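After the structure tokens below, expect a handful of questions from me.
By written order: A, B, C and D. Residues from 1 in each chain.
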Amino acid sequence: MEQRLANTWRMSVNDKKFIESSLLSDLRVDGRRPFDYRKLSIKFGREDGSSEVQLGETHVMGFVTGQLVPPYRDRPNEGSLAIYTEFSPMADPSFEAGRPGENAVELGRIIDRGLRESRAIDTESLCILSGKLVWSIRVDLHILDNGGNLVDAANIAALAALLTFRRPECTLSGDDGQEVIVHSAEEREPLPLIVHHLPVAVTFAFFSNDNVVVIDPTHKEEAVMKGRLTATLNTNGDVCAIQKGGGIGVLQSVVLQCLRIASVKAADMTSKIKDAVESYNTVRAFRKVKRHSAPIAVSVDGSVAIKKQSQDGAQKIEL
Amino acid sequence: MRGPQLSLNQTQKLRLEAALEKLESFSSKANSVTVADTIPVNYEDGVLKGHGTSEIDGSVVATVCGVVERVNKLVYVRALRARYKPEIGDIIVGRVNEVAPKRWRLEINFSQDAVLMLSSMNLPDGIQRRRTAVDELNMRCIFEEGDVICAEVRGFQHDGSLHLQARSQKYGKLERGQMLTVPPYLVKRRKQHFHHLDQYGIDLILGCNGFIWVGEHVNTKDPTEEEQASKSEQEQVATKLNRNAASLEEQERTYTPLETRQNICRMANAARVLSTLGFSITVELLIEIVNLSISLKSDIREMLGSEFCVLVAEVEAERRSAKIKKK
Amino acid sequence: MEKKAAALPSKFVDQLVVPGDVVLDLTTLANSTIKLGGGLRQECDTITAMKAGVLRFAKPNKYWVESSQKRYVPCAEDHVLGIVVDTKADNFLVDIKGPAIAFLPVLAFEGGTRRNIPKFEVGTLLYVRVVKANTGMNPELSCMDANGKASGFGILKDGYMFESSTGLSRMLLSSPTCPVLEILGKKLSFEIAVGLNGRVWVNGASPSSVILVANAIMNSETLSGAQQRIMVEKLLQRVQ
Amino acid sequence: MEYVSPEGLRLDGRRPMEMRQIRAEVGAVSKADGSAVFEMGNTKVIAAVYGPREVQNRSQQLNDQALVRCEYTMSNFSTGDRMRRPKGDRRSTEISLVIRQTMEACILTHLMPRSQIDIFVQVLQADGGTRSACINAATLALADAGIPMSDLVTSCSAGYLNSTPLLDLNYVEDSAGGPDVTVGILPKLDKVTLLQMDAKLPIDTFENVMQLATEGCKAIANYIREVLQENTKQLESRRGT
């Protein structure tokens, strides 16, 4: 009991009051205005499909991997996209090791809804052999430091990682066209994913006073806020997902106003992400190194063979 | 909406509906409200907002479903179905949940467990003195987990916990009977909550928290009590230890005759019938129902059947209509 | 922890040391006594550092390692900022960023008796003095100075509290006054309470000045005196 | 696929702005402090509320307010394909969280410090709009338990198929892959507390769809209010004086 008291982070009543009262005069404790984002920096790892996003003090890593698997029975011609989140106790003492907590699940679901349900990634182009073999794309999001507003940071990390991910090219051969050849990176240039649009998450925080709304809340503001709304939009002005999971009620007009602001911010973010990805691609082009290895041909006849194939596929990608 | 959970045949259904409709016609145009309903008030006289109300945009709004009550300037909403809301001096029946240092924690259908301090109850030897460490060690001899006891609400401590007291012979452990729970709004606060029903040889305690005790009559001035009081503490501990191997004499002392047992069950079932029908539970009404079942020569178990329920509803409708006519 | 040693100070004084560095070799020292402070320990004939930081020496014979850290190791007579966590019958439980919750006896107030125990809700910010800090025991706090007077201790109302490092707190408390506070003090009027546990509380007339002071202090941790001046000037200009 | 016929009728014969039949019953679980069954067409959920009661895990006790917990489960037999569902999958964890936060926003938790309120909702039949039905059932159950609330919360969903905004989607319409907007409102204050949406929709269209869902919420609020009013009247008249 006492140990628990000693180890939890807590806020003084002074801070709560101060944050709320200064918001009434449009002031935030870190000197931002209500609709300013914190400083965003996007970095990439040496490997394709990894990103590191820093939004103020929040730090998130994204990692994309692909694997050849049999498709879902109800969607034989589509690949799949799955989002996994990892809240490490390193990032915040309130995160517990082990099973993902409620917040980790909610974060994953918000990003999942934004990316998958709006069909941002073309899953049909991930199909290799109808009903037998498709690419399954897995996005892992690791929270390294929680400085507030994990959703936006994690969403940007996911987008940046997906934009730089490249999967090995596959071709069909053999008499019946059932043989799959996975080409190594040396032989054929790996293919990027087809991304239709970039759904960018923008988070708003609401406070006990009706008229106070801020964007991109910090850790301290999150401790004081009474409700949160995350709107995921793309540059075409489409709403891709919204999540306001309870909390204080807000007027409908406020929601719509938030969406308009979010659409401006989303355009902002999109250009930042695109710039970062472009500079990464230039660097990558310079870095190209030739390697030698022979293509692997596996014939796909039955389910056993498919499994084997999928393992091979996974190994290839990890190379 | 909320029907009594009974399986009725067609005629019974019609009879019950008729009886309930009749009851509804008697009720004064009750000022019932639901959550977030605005309560009309006269602001000129000044308003005191009581339980179950809050203010939204300058008007008084209900926060629970219930009946609006006004006392002078005070406006409050009397919630019907809800957990027990203690008031100082209420007589309650509770069950011991936990024996903690110097206190017992009791389940009393409140939002927290109630606390009965060792110091706020009379010791079995009846002597007024400071509680010693030995008393503390022997707490389980007085009440242990699962015991049903009767006590009085003493008040709220500054830390928000509810404290009870049992400083009288009439409070304490209840034995040789049964406890049943009913919604607390069916039990009204009255002068008398302890009832000794001589004709049946039973005790009835209507706890304000909706816990009802029906048990064999215990005479508080019973010679055995005095005998017990004279016993030294050590002896008591010994009795406790030997309880499983109780002597024949002891068995005889705690023996409840069959007739009393039947009366206990009849009374308990009467309370259950009233609870399923949602009628307020008073001692007069309970006696009336017990007499009705005896006069009908119905079995005790038949009392919970649909036929008896419908009958009770009809009788009650008659009774209330007669009462209104008298006025 | 007294040891015979020479009066000659170690060559590491005012230098950065890391855990494991041999700071002093006792065999080379003649008869003399030295006193060891935090972050140093004796291993046979040597004194080694066990914390990263700057080795400090005070005449005649005191050595200690000064470092900046986020957590706080309680030390008697330190003035700290604590947050009330819970109220018990005899003590308030106060979080002072230490390894264990600190106890503030309910009577440790000026003129405190059983009858006038103050009521603190959870989360109340207090300026307190550490009275006892022994290992294996919860530290004990007091809201009185050694003479039993309140002298500024007690509840801090309103304002804004932020957490930094113990090093920053020491810088703010050093004399002569550090440049940040000096310049800010000339331009703005505000109240400040610095706890040695790395907590700083600021209050001022308007929220904007409080935010400015807080951010200026937080930015100044890694800056030199001249840099601090420039940073504060810039901030002040931006606001005006 | 055609979800709205040229005559303006949906697959189940409803008009685009028409809600399914709703039915509510209070007091479905006798052991619980409050309970309710809520039906929207073929969707049927049951909710039970226990509390405010002693906190089970002392370390979770809050000294200034009540602890609210919520558990959402879907019965194995609630959908067409009867499969064993693992407990605590990501979807139900999220829905539990959302229902809890939504109900927490209207319960006056500061009136019941150091206690715990448990809300259990179970889907008995799933035919689209389970989230909304669960929230409506939970509201009724909380009101039945006599727990003070600042306002009722009601919820309804709306979608957009064949360029038509549709109120209260059923399973077939929901799985068509079009946008699905679930709204939860506080009817008295006219504020939005819950808002969830997926798939793609231009802002202007979204505004219309949200408006439609809000209208649905208000209709449900009126019905729930009637049910509660009737229930209170009956309880009072039976109790007698």
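Some points to look at:
Criterion: contacts are C-beta pairs under 8 Å (C-beta built on N, C-alpha and C of every residue); 3 or more make two chains touch, one makes a residue touch a chain.
If you want to know which protein each chain is, UniProt gives these names: A = Protein ECERIFERUM 7; B = S1 motif domain-containing protein; C = Ribosomal RNA-processing protein 40; D = Exosome complex component RRP41 homolog.
Note that this is a predicted model, so its numbers are computed, not measured.
In terms of the distance between Cα centroids, chain A (Protein ECERIFERUM 7) is separated most widely from B.
Just to note, of A-D and A-C, the chains joined by more C-beta pairs in contact are A-D.
Closest chain to the protein centre (all Cα atoms averaged), using per-chain Cα means: D.
Centre-to-centre, using mean CA coordinates, chain A (Protein ECERIFERUM 7) is 29 Å away from chain D. If you average the Cα atoms of chain A (Protein ECERIFERUM 7) and of chain B, the two centres end up 58 Å apart.
Remark: chain C and chain D have CA centroids separated by 52 Å (rounded to whole angstrom).
Chain C has its Cα centroid 41 Å from the Cα centroid of chain A (Protein ECERIFERUM 7).
Contact of a single residue of chain A (Protein ECERIFERUM 7) with at least two other chains is seen at no position.
Multi-chain contact residues of chain D, defined as those touching 2 or more other chains: 189. Chain D makes touch with chain A (Protein ECERIFERUM 7) in their complex at residues 58-59, 90-91, 93-94, 96-105, 181, 184-186, 189-203, 206-207, 210-211, 214. For chain D in complex with chain B, the touching residues are 25-27, 30, 33-34, 51-54, 66, 108, 112-115, 143-152, 187-189, 225, 227-241. Chain contact summary for the complex, chain B toward chain D: residues 1-2, 5, 20, 23-24, 26-28, 30, 32-37, 52, 54, 56, 61, 63-67, 79-83, 97, 107, 111-113, 160-161, 185-186, 277-280, 316, 320. In the complex of the two chains, the chain A (Protein ECERIFERUM 7) residues touching chain D come out as 1, 4, 102-103, 105-106, 108-109, 113-114, 117-119, 226-227, 229, 233-234, 236-252, 255-256, 259-260, 263.
For chain A (Protein ECERIFERUM 7) in complex with chain C, the residues that touch the partner chain are 2, 5-6, 10-19, 21-22, 25, 27-31.
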